[in-house]
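Order of writing sets the labels: A, B, C, D, E and F. Residues in every chain begin at 1.
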Amino acid sequence: MNQPISRYPVPKLEDLPSDVRDRMLQVQEKAGFIPNVFHALAHRADEFRAFFAYHDALMLRDSGLSKAEKEMIVVATSGVNHCPYCVIAHGAVLRIYARNPHIADQIAVDHRKADVTARQKAMLDFAVKLARMPEAVTEEDLQPLRAYGFRDEDIWDIGAITALFALSNRMAHLTGMRPNDEFYLLGRVLPASK
Amino acid sequence: MNQPISRYPVPKLEDLPSDVRDRMLQVQEKAGFIPNVFHALAHRADEFRAFFAYHDALMLRDSGLSKAEKEMIVVATSGVNHCPYCVIAHGAVLRIYARNPHIADQIAVDHRKADVTARQKAMLDFAVKLARMPEAVTEEDLQPLRAYGFRDEDIWDIGAITALFALSNRMAHLTGMRPNDEFYLLGRVLPASK
Amino acid sequence: MNQPISRYPVPKLEDLPSDVRDRMLQVQEKAGFIPNVFHALAHRADEFRAFFAYHDALMLRDSGLSKAEKEMIVVATSGVNHCPYCVIAHGAVLRIYARNPHIADQIAVDHRKADVTARQKAMLDFAVKLARMPEAVTEEDLQPLRAYGFRDEDIWDIGAITALFALSNRMAHLTGMRPNDEFYLLGRVLPASK
Amino acid sequence: MNQPISRYPVPKLEDLPSDVRDRMLQVQEKAGFIPNVFHALAHRADEFRAFFAYHDALMLRDSGLSKAEKEMIVVATSGVNHCPYCVIAHGAVLRIYARNPHIADQIAVDHRKADVTARQKAMLDFAVKLARMPEAVTEEDLQPLRAYGFRDEDIWDIGAITALFALSNRMAHLTGMRPNDEFYLLGRVLPASK
Amino acid sequence: MNQPISRYPVPKLEDLPSDVRDRMLQVQEKAGFIPNVFHALAHRADEFRAFFAYHDALMLRDSGLSKAEKEMIVVATSGVNHCPYCVIAHGAVLRIYARNPHIADQIAVDHRKADVTARQKAMLDFAVKLARMPEAVTEEDLQPLRAYGFRDEDIWDIGAITALFALSNRMAHLTGMRPNDEFYLLGRVLPASK
Amino acid sequence: MNQPISRYPVPKLEDLPSDVRDRMLQVQEKAGFIPNVFHALAHRADEFRAFFAYHDALMLRDSGLSKAEKEMIVVATSGVNHCPYCVIAHGAVLRIYARNPHIADQIAVDHRKADVTARQKAMLDFAVKLARMPEAVTEEDLQPLRAYGFRDEDIWDIGAITALFALSNRMAHLTGMRPNDEFYLLGRVLPASK
């Protein structure tokens, strides 16, 4: 069960450029472990830097979407792309942000039957369509989003997160990226409220 | 016929951060015009920077793939994603790099019937599969590529270019990005050899 | 969050025929709770009896497949049918039988990338094909199974479990069946070995 | 042309448990021959009993659907599942119940172009969707059925018949089940009215 | 039940150009009735003439395919195109040419499970692929046909019959063409051999 | 680069029946070269005659559709059928008739994003649906066309052109038909207006 986390060589921390290593050590300090996507993408430092710059620009940005909603988009689109790394790793993040131990499994199976609001369902309908049938997305698809109060910048967020994980899912399939064992259990028990 | 090049606001050059503007002016100097993807993505400078950093890391990198072969991947995967901007703009680039006025239209319609080598056809088969059915890509799909002499780093290039344009195609569909008129004619007449 | 477990009326235990109620109480004694599929299907006692008779005939039968392998088939085929009840409930059962806290999430996302043996992958390839494209299953599909040592009766088991959950998934989608909260966490922590 | 009716062993009548044999003899008395589904499924008596218990619970039940309408569902869903046994055998039953020698062939090719009422078309639209894309069935799909006067119990009947034949079609594909020659001609000539 | 045979006006025989009328009267003399495709296409005499000229060039041509095999192609490809007129009308013709009352229903449901030779199955595999996924047909698809002894002219016949009925099926869907009642029963009882 | 224009023998002009040869010489006089479809189909003179009779009956007919609109249908449906010959050859014709050097590339990639009127988009939606999913075309699909003012005869034109190129695309895929080099550049530069 000591399976490789990528088909490609995984560099040792000490062999990495310092900015890449520092980024990974920061994550480790915060999360307690280094998610395998960092190890796998570190194989090429320039692409690593560009990927996480894109990621931060979108995921850390102030937005009409909550952090949990951004992760819902990641889990739903990675689900329809059948990407084990992204569903399992971002499923954990979604459980934590949403403070809901059930939502990630529900959305991974099918966002249409999940415990989300009608507004969130419209958001995920759009994301899943752009993920799998991008050519079918036209001006008309923006109307239901606007009807639910999404502003144009929010719609860019929905679409751009979908687009970034279209890239990410494909890198995960290309490299055979394997989720860390830690992700499976994270966020499955709600912290007792004070 | 004075159609918008994006559904989103397009910033004026003078309003852009200087690094973004400089990048655009460099392209203008080299190509004679600024491709609309720069105008459209400049709406968000951080994402613009990350996108072109990713692009340069992959497309300018030394590789077992020629520049023309990299553009073949862009045209073939953008073709199956029905992305007008990417097919028309990168079709022009492909014609120029390949010094072949017919190859882009052929690949855009169907790479399987195009005038490419068997090795290039294997490369495009892999790219198109990863573009449209990423979940179906497994270890077995690497065998035909290796049999044609692609090294593991070349395969990363094929996969990562496909992944980046999976992102790019979705941004183009999201924004309704419109190709510059210049692209349609570029590279259609071979320069007379000296 | 007090969502109905079925679109259809759910009978009270005391209003059920005694054989149906007894079956449910037995499960409760063994599992600690009554899975919602019993509540939902109890709406029609005759169909309830037939369903669980079929279930027991297949799932309790001695077989060349282990109990965990039978549940792998349920999870993989329910995954491609996007059935929340069956993926989440049988995912729990699979984790327990396989004594593996990760396997169910992996198979639910994509059995091709899961930690299963080559023999199990062949079994799940067949099941998933029969689940989604039954018409494409021909004599030729039996060859890889036989090559892995599956006997004809084992192949019947694989096919019939797939067929029964083709029925079950559709009843779950028809009734909007909701998994019990208990299932999400079951089997996620391995019992300490003695 | 003496083709096997199943890939699996077909037990002799005299070797069967008496309840299974009795059921088959009753059918023979009524229909004049024993449909091959009985022979093929008798290979496993417990599953045989469960299957026909389920079948009778649904198909013999009083319902807002006529007997002909129930068979329309079987023929339409078996048609989209490309199941020769079920289309040809239940096509015969449908011709007889509907007293219409053309309807089964029409529905087997495409229920949308068949001589059915608008109400029946809505019923078959729902059944075919549940048969082939069960995950896409949501609460919204019930509205057109209710608008045509189907009650909730009728909708359960439509869905459950579809679900049972999802199972049955897969057993037929698994076993290579072959229709009896008798079915092809049954019900093709209307009995002269008295 | 007095349904129109076409969405478009159906000209009276006496109003037709004499060559069109003569063609129809010849068919009537031979078959005992005029198939509705003649009535429906007669709405435009020039297209009628071109269609039947194409039809005769292919279907009456000496070929490595028997007349029954040509009709198998029509029934199989019209089946996957879900064309009621062509399946029901040419199903009758196939039964007669093949002197086999079962073969048309089998092929209409799924040629892969029908009582055809391995050579005929290869022929129908090719035809069905060209009918539904024409872009996927490449040089490699000709190899299995050649291995079964089909010459290049035979392969043209297979492909061209498929192509002509790709046209014909679409005209039938466009016009809502309705098969004559006579077709349903034709060829279902084998003439007693002398 | 001296690739064959067809997998099948291409007859010399002097060996052709005089009516076939005359037709080809007329085209040559008008266009300056003989499109390869004439060479390739001349392999069988009777089918050649029927094909071009059908073509002329539809394409030269007075119609509610302009010549450019007829070619839009050819390019859009040949695009979704991934037919290099038809996209590239008729793309040239479309550019000339529409006096628009960009429209053919746009429609070939995706008619939904092309610079066409809403009326033309409805026309192409219908054509593309009939081209790829003919069974899904029902009476309801005619409503949007009528709402845009298409008369029934115009709708026949749309459907029949789609049907004829369903045939033509398949003959091109069957024969591996190769477009003439001339087509790639034709119509790409607008003639200076006087």
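Here is the rule we use: contacts are C-beta pairs under 8 Å (C-beta built on N, C-alpha and C of every residue); 3 or more make two chains touch, one makes a residue touch a chain.
What you see is a predicted model, and the numbers here were worked out from it, not measured in a lab.
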item	value
Between the pairs C-D and A-D, the one where more C-beta pairs touch	C-D
C-alpha-based rotation, subunit A on subunit F, 0 to 180 degrees, nearest 5	120
Most widely separated chain from subunit D, with each centre as the mean of CA atoms	B
Pair from B-C, D-F or B-F with over half of its contact pairs in common with D-E	B-F
Longest centre-to-centre distance from subunit A, chain (CA-based)	E
Rounded Å distance, subunit A centre to subunit C centre (Cα mean)	28
Inter-centroid spacing, subunit F versus subunit E (mean Cα positions, whole Å)	24
Interchain centroid distance [CA atoms averaged], subunit B/subunit E, Å	45
Subunit A: positions in contact with at least two other chains	82-83, 110, 113, 135, 176
Pairwise chain contacts under the document criterion	A-B, A-C, A-D, A-F, B-C, B-E, B-F, C-D, C-E, D-E, D-F, E-F
Of subunit B, residues touching subunit F in the complex	1, 3, 79, 82-84, 87-88, 91, 101-102, 105-106, 108-110, 113-115, 176, 181, 184-185, 188-189
Parts of subunit E lying in touch with subunit B, wherever the complex brings them together	135-136, 138
Parts of subunit B lying in touch with subunit A, wherever the complex brings them together	7-8, 43-44, 46-47, 49-51, 53-54, 57-58, 61, 81-83, 130-131, 134-135, 137, 139, 142, 152, 155-156, 159-160, 162-164, 166-171, 173-176
Contacting residues of subunit A [partner subunit D, same complex]	110, 112-113
